[in-house]
Every structure is written in structure tokens, then in C-alpha cells.
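Think of it as A, B, C and D in the order they're written, each chain with its own count starting at 1.
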């Protein structure tokens, strides 16, 4: 089991930044395992992810903030410390299509996803058997067209009760309200079944089929108030041809969706995703 | 050198179609090399491409139509006979970016594209050196903002004079008028530097960069009156990351554009592309 | 539910072949849904797959052979008739890695794989929980190094008892004997975790890592007596970089293996795979 | 035009490394544009590439070595300073296939490859027209089977005379002797027309066709004494099917070869490739 700390930094690009961070870590005897940085020349922005082994690290984590504060202040850093030992709590929202849920549950069970899943929330009961097979609590929350607010209130209660850190929409077919989204900013991951921004909105496979595209796609992104417009975490495509009917698109797309969503979820859990300007930097 | 005939058929799907065509060819001693067909169940449409060696074929090509007419009538066929021995005349339109032109000229020269290139038309002179290097006539036709019609008239004169069969827009940065397009229906091939329908219109790389996509694309399609909306012949994508600046997108995209356009042009030349419902069937 | 017949033909390439088959089907009022053919010019071989709806078909299937025999004889055909309504019986062999098994079981359960799974055979018990979750009988057959023959005898008994049509080796880590393989010629599908023929044999990820390749692969193939040398059904690759440790290769590879194996299994079930010259033709 | 310095470091992994380098650069007022590092945990190796703008840099480059020496010594660094302003001299060796040469010449001419090409060497004259079109000196050096040594001596004279920094084998069909290779260690880049290590040696497309693979590949690598065994810089693949004849493989492969080789050459020129353990790290 890894026992590492991960420092995520975002700030105006300035000389001496890397030197200051590297020197700080060195003085406290950090054994750096990975360090990645990115400069956005146009926005004059600096982003960094550095991960080190906690084995030899001299500084107690409880005192990290106090010691790091002067550097953070000097460079006007937006920063965050994450620990690989902490397993974040992930809730999965799902409707009827179960391929993404089945994939996430298998990856969780096999140890690929270092998180806990305190609950699955669904507006249908079709996927309960999967939750049961993997031993994950399943909550059926019906969403009536004219009582969405009430349903969301109930969902939020469940999320709070289970101390959920982030939410994965595994083909959840309800649009969440801005109020709901505000509770989990940059912490709701969706899978959209198209190569965004193409075919945003409803029925993307139908529209891809009609348009006669030669590749279909899937996009995983953070949910923002504007539908299908949040920062993209991962995308991929698969080749199709005239031999593929709409059903084939849906089936080939399902394999894409699973892979793309699971990559995004893993990167989120491993604190590899940084956000800026409605985009992501993924330090892989 | 191949000496084959290619029959392209499109008609309502009916029983006995394949039997009738296969029997007709057999009776005239055709040695079939390739046969591909496609049924669109929803539209009840049948599409076929069959290619045979002319070596043993008994029927003189001048009499093909007369002999095939009864079958064509019976099944209400839209059909066309093409000969591999005929080298279609391709005009290339280009502006300043020369990567697609350079690629087409090299493939033509190396024998990959079985066509003649009687002329290159450009609204700039930047690419003249390439035309000269490959020995292809170059026509500079300036396009003034307020004299587009005149420019198009001149272009059409040139095309007619050279008996051009089809036009390739190799990053030609002018929008053609519907009047112009009507002269070459389904015979103008464009390369658009995005994964259509995403980022149709101007500056697709800039917009892809801003949106933070993880893949960039290129699309080759037939030109119709509606901008970037014609039947797609081929598409492909390349992976990018946050490390790629806008310049990198443009450079990686250039490699995509070349490959995608050259595939589309080759398939068009080889009579592999059939059209229906604003889509293509590519019999590869 | 589809109710179709599929005719698979392999024979020396000759004139009149397509006409004879198409005419035969037409005379019996077949409504052809798909027809694909392939000619191998070098080997002068003709391969065909034609699928038609049985709704209007006049010929009782029990009499198909008698009526088709004259054509088959005339063209020296190797042929087979398959029915989409028949669900073949698939046995899955697995050792400890369970990702391929989990994937197959999910696809079976979701209706993507039109087959029955009468049993899972394993030389370990690690995957029993998955078999139980999906309600599939699980047989633990230990394979002692010095009692392989006995184990295979037991396996063959089980396969016969359950009328198994074909076997999928879903990361089964034992080499099967030629005697065993002879009982299921071209009916054992394996997944090898490399891009064959690179890294055939043991520990392909380790060797790929050592060699410093930039892509890893997976290959699904029919099992023959020569290890990892049978006809390839499907292959795919994924990009890796120096940032990927051996563990990352194994994890990224697992996703490849699942996808590649499931495609091969589906094509086999749908009678899309034809064999010749230690190769496959996949009519997709 | 970029005016940057690039420091490439390889040394045993130790604490304080990044801090020491970052501090050194900061003290001399470097404006870091990119920094990438890689740790190989198993080999306990540290690799770094850092690029900074020379605009504000206080340290005259002529004194860099003297000032950096103490740090280099302390950490037992293998290091190198490269300047983006220096255009390395690249010689291209080619035989009869000209697609890679044409591609490199176009990319050079268009400004994508920041290098000079003082000469093209060929054992045939087929590609002279291309050299002429792009205005690059062409040297015809015949290689007789029993006078290879003599030919190589002549080639080496030419390379020395033109102060060549590195050599690109753009489908050069002669095997170079170890003696020759010793003169340009890790400075000869080859393109092999297969997905190495599959199909190393002669006629890879023929063998790929015979084996019935579903993807073909191309590999660019540094040349070492062992044929097709040097450190891989880049690889890519393309999908093929039974519809592709050997000719199609060769043609599709040509597009792969061009792209893969040009990427490798560009990365080499931009000092992005580091070597260790017969592998490459490509800092892209």
C-alpha cells in the first residue's frame, strides 16, 4: 500500500517557484516519487503536482500547512495536500443502463479504484441486482417530473449522511439542478455518450447515426451548470462504418463509455486532475 | 495496370436483386474481383459495388447499357459504370497552407492516386513552387471580397477548359457559392480541420483549444450548400494533452488532415464512395 | 429476436459462384439481410457469408442440405448453415485473473453475447464468487504438474456432459495438450496479452516493459497445437509511455484484453469468422 | 524564433536533486518554460529535461559548465546543455522507397524540423529528383556487396566533411557495420516497417500478411549493433483487414512510417529523447 502525500499547486507563473517548493520538500527530507508541472504561457499560470513518500518525511502532516504557508503566500498559491492513504467516498448515480455501473463496481472490487462506495443512487430499480452482487448499499430515489426538488433534497441528505466526497453519474439520465451542483463543485463526474462538443444534449448516438460520422466518441467531464459544457477530463473514440446500425453504435459506444469514465474516475481519485479556465490538466 | 469495370448500384431493396446482377455478369463471363453490398433496413435501400476483370468479359462496354437496361428498369436502379482504366481529372484548390497539397502531389507522383491533375488553382501564390516542383500547371485566381462572382466565373472557365471531373479543396480558405457548387454536385471534396460536427465553421483549432478537448480531428466530406454539412467520407482523430499549445494542435492536425483527405480522394477516384441520405457508404 | 439463417461457404474461386448462390436463395424466397464475400487472389479461394430472414423463406431447413447439395458439389464447396436462433454452449476456462471472466459474464447477462454458459472451469477457486454472482455453475478442476492428463480427462468429461460447443480461455494459465485441442478444433478461443507475434509465450508484459515498446497489445486467436500461433481473430493496442510502470502496463493491458476477447467471442458466436491458411476472415 | 537552453540530466536518484537544479537556475534568473522529470524506481535513476528562456538568464553560456560543475559532481550527473538556436546537421540515407524522404524534406522546408540537411546519401539515384526539387545536395554512393567497407568509408568522409550531427535512415535498405555505427552512437535513427519486436529483420509486411495480423505497425529506433534491437523512440499502428492485400499493407504502412519517423526525428532535434537501459524517455 502506497503511503504518499500529493501537493497540488496552482498560481501565477513566477521565477523561483519550483526552487521554493523543491527546497521546502528537501529540507523536510521528502523522497519525491513524481513531479509534474505545467505552465500556461498565455494565462501566465503555473500548475504543479508533486508526490512524495511519507516514509522519511520529517514534517508531521498536521503541521504542514503552518510551515508551507509562507511559501504559499509569497507566490499567491492555490494549493491542496492530498494523502494516498485516504480513500475518498464516491457515490454512483445510475438510471437503467448498467454497463458503466457494472464496470465501476468491478474495478472497485478488484482494487483498481482506491475509494469507498457508500451508496448507489438510482431513479429505477433495474440495477439493484448489481449493487447486491457487489455488496454495495442501493438507494432507490424516484424522480417525479414535478417533484425534482424534493428528490434532490433526499439525494443530498443521503450524500451528506454518507460523507460523500464526489459523485459519479454513470449514465444517470436526469439533469441535476444548479442548486444541487453547487453542493459538489468540480466533484460531479459525468459520462456523455458523444465526442463533445459534438452532439451535446439528448440522443447523441441517434444524431451521430443520422449525421453519418465515421467515429463515435465518449466524453467524461465535470458537471457545471451549463449542460455538457464542464471541463473535459477524458475522451476517446471508436471507428464505425456504414455496416453499423444504430444498435451497433450504442453497443460499441458502451465499451467506450466504460473505459473513458473509469479513467476519469481513477485520475480524480488519484488527485491527478487540476482545473483552470474550464479545462483540465491531467498529470498522468 | 488493372483493367476492370466497376458497377455501382443504388435502388429500393428487393428480393432477387443480387441474383439478377450476379447472373447478368456471369452470363457475360465476368470474373468478379470484389463485390460489396449494403442494405439500409430503415430506408429499405440497397447499395452495391461490384468490380470485375475485363479480360474475359464478353460484352463490349459500348453495349453494356443496352443489355443492362432491362435489369436496371425492373429494379428501379440508379446505376453507374466506371472503368479503372479511366484516369479522372482532378483540380486542386489551395490557399496558403500547403501541407495537403504537398501530400496530394507526392501521392499522385508516386502512383498512389490514379488521376490526372490538369491544374492547381490558388488565391495566393505561396504554393506555386510546389506546383512547379511536381510539374503541375498553377493558376493564380485572386478572390476579392467584392468580386467573388467574377473569380468563380474564371475558375469555372478553367475547370471546363481542362475537363475537370472533380475538385479537391486542399485547405482552400474561401467559401464557394451555391452556384459554383451546383456545377460539381458530390464532386467537390473538402477537408475540414475538426471532427465534424464539432467546431464547424471558422478557426476550429482555436475553439478546440479553448474547449479543452483531449482529441483533435479532421473530416473529409463532399461540399454541399450548407457549410461543413455535406456527407462525411472519412474522419480521424489524434490525441492531445495539456502539454500541447495551439501551435502543436495545428501541427498535429496537419498530419491528420493530410491522411484523411488523401484517403477520401483515393476512395473517390476508385469509385468506392456511394451516397445516400446525406451519408456515404465507403466500400473498402 | 432475430430469426435468420447464415450460410458460410469456402471453395475454389470460380465464375458463376455468386450467381448460383444468389439464384438458389432467390428461388426459395430468401430476404437477404447481409452478404459478404472475399476472394483471395493468390490462393484462388472464395469465401462467403450470407444471412437472410427466415420469415419468408420457403425451404424447410431440414431439406436445405438436400436442395443445396448440387450447387455445393458443382463448386466443391466447404459449407455450413448456422441459425441465429441457436444459442451455442460456451465454456469459460479461467485461472486467477478475473477481468476477462467478469467482462464475459456481464456481456452475457446483458444480452450482448447470444450463447449459453453451462459452466466455468478453473484450476483455482478465486473466481467462484463471480460465477455465483451471475448464477453460472463453477467447476474447480485442479491441475497438478504431474497429473495434467487426468485433469484434462476430467475437463473433457465436463465439456461433453454439458454439450459444450466452444471454449474461451479467459486468461487460463495452463497450456492445453494437443490431445485436448484435437477435440475442439478451431473452437477454442484464447486471449494473449501481447500484440502477437511479439512476445509470444510467458510474461509478455514484463518483456514489453524491458524492451521499451511504446504500445502494448492484446490478441485473441484460435488455439492450435503450436503455442500462440493459431489464426488471429482480433488485436488491439494501447499507448504507453515511460511514465507507465509494469503495473500500469498490466492494468492498461487488462482493459485491452477484455475488449479484444469479447469482440472475438461475439464474432465467433455470430458466425462471422471464417478460417483459411491459418488466418481469419471476419465478416463484420 | 525560440531562444532557449535545454538541460538534460541523468543520474542516480537522490534527495535534493530537483531543489539543487531549480535553485541553480533561479539564482541565475532563468525563466523556466518546461520541466519534466522521470524516476525509475527499480534502477534508482533520475532523468530530467528543463528548458528556459535565455532572455533574462544572467549566466553567460560559456561559463555554464564551470558554474554547474559542483552540482553535477555532487550528484554524479551525466548532463548536457543544448540550445534551441543551434540547428543540428542531419544527413538522410535513402534507397529506392522515397515516401519517408519526401516527408522529411517537406517538413524541413515548411519549418517543422529545426535542422539543416547538408546532404542526402543514396545507393540509388531514384530519389535525386526529390533532392533537386527541395534544393538539397544529393550524393550517390553505390554499395557493392563485396565492397561495403569502401562505401562506408566514403560515406563517413562525406558525413565528416559536412559536420553531420546525426543520421536518419529513411528506408535505407543496407545494414550498417558496427564500425560505422560506432561513429554515431545513439545518433542514427532508423524506421523499421513493423511493430517491433514483431517481424524484425527482412520483409516485415510479407510476414505480417502471412501471419494474418489485424494491425500493422512502424517503429522508429536508434541503431545499435544488433539489428532492429536499439532503443525505440516511437511506434504506431494502423488497422487492416482481410480486404487488404499485401500491396495495401505496404501502402498503409508507408503512411505510418512517415508519421512515426518524423515524430522521432523532431523529438531528437528538440532534445526530448533521453536514453537508459536500451529504452527511451521522450519528454513531450
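Note that in this section contacts are C-beta pairs under 8 Å (C-beta built on N, C-alpha and C of every residue); 3 or more make two chains touch, one makes a residue touch a chain.
What you are looking at is a predicted structure, and each value in this text was computed from that prediction instead of being measured.
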Can you spot which option in A-B, A-C or A-D is basically B-D again, with over half of the contact pairs the same by residue number?
A-C
Quick one: compare the interface residues of chain B with those of chain C and tell me same or different, with half as the dividing line.
same
Roughly how far is chain A from chain C, going centre to centre by Cα mean, in whole Å?
36
Please report how many Å separate the Cα centroid of chain C from that of chain D, as a whole number.
41
Flagged in chain B as touching 2+ other chains are 41, 243
Can the chain contact pattern be summarised as a line, a ring, a star, a complete graph, or none of these (other)?
complete
Parts of chain C lying in touch with chain B, wherever the complex brings them together:
15-16, 18-19, 22-23, 25-26, 29-37, 39, 41, 239
Residue numbers on chain C that touch chain D, as the complex places them:
38, 41, 195-199, 211-215, 217, 231-232, 234-237, 241-243, 245, 277-282
Given the complex with chain D, which residues does chain B contribute to the contact?
98-99, 102, 106, 110, 112, 133-134, 243, 251, 255, 259, 284
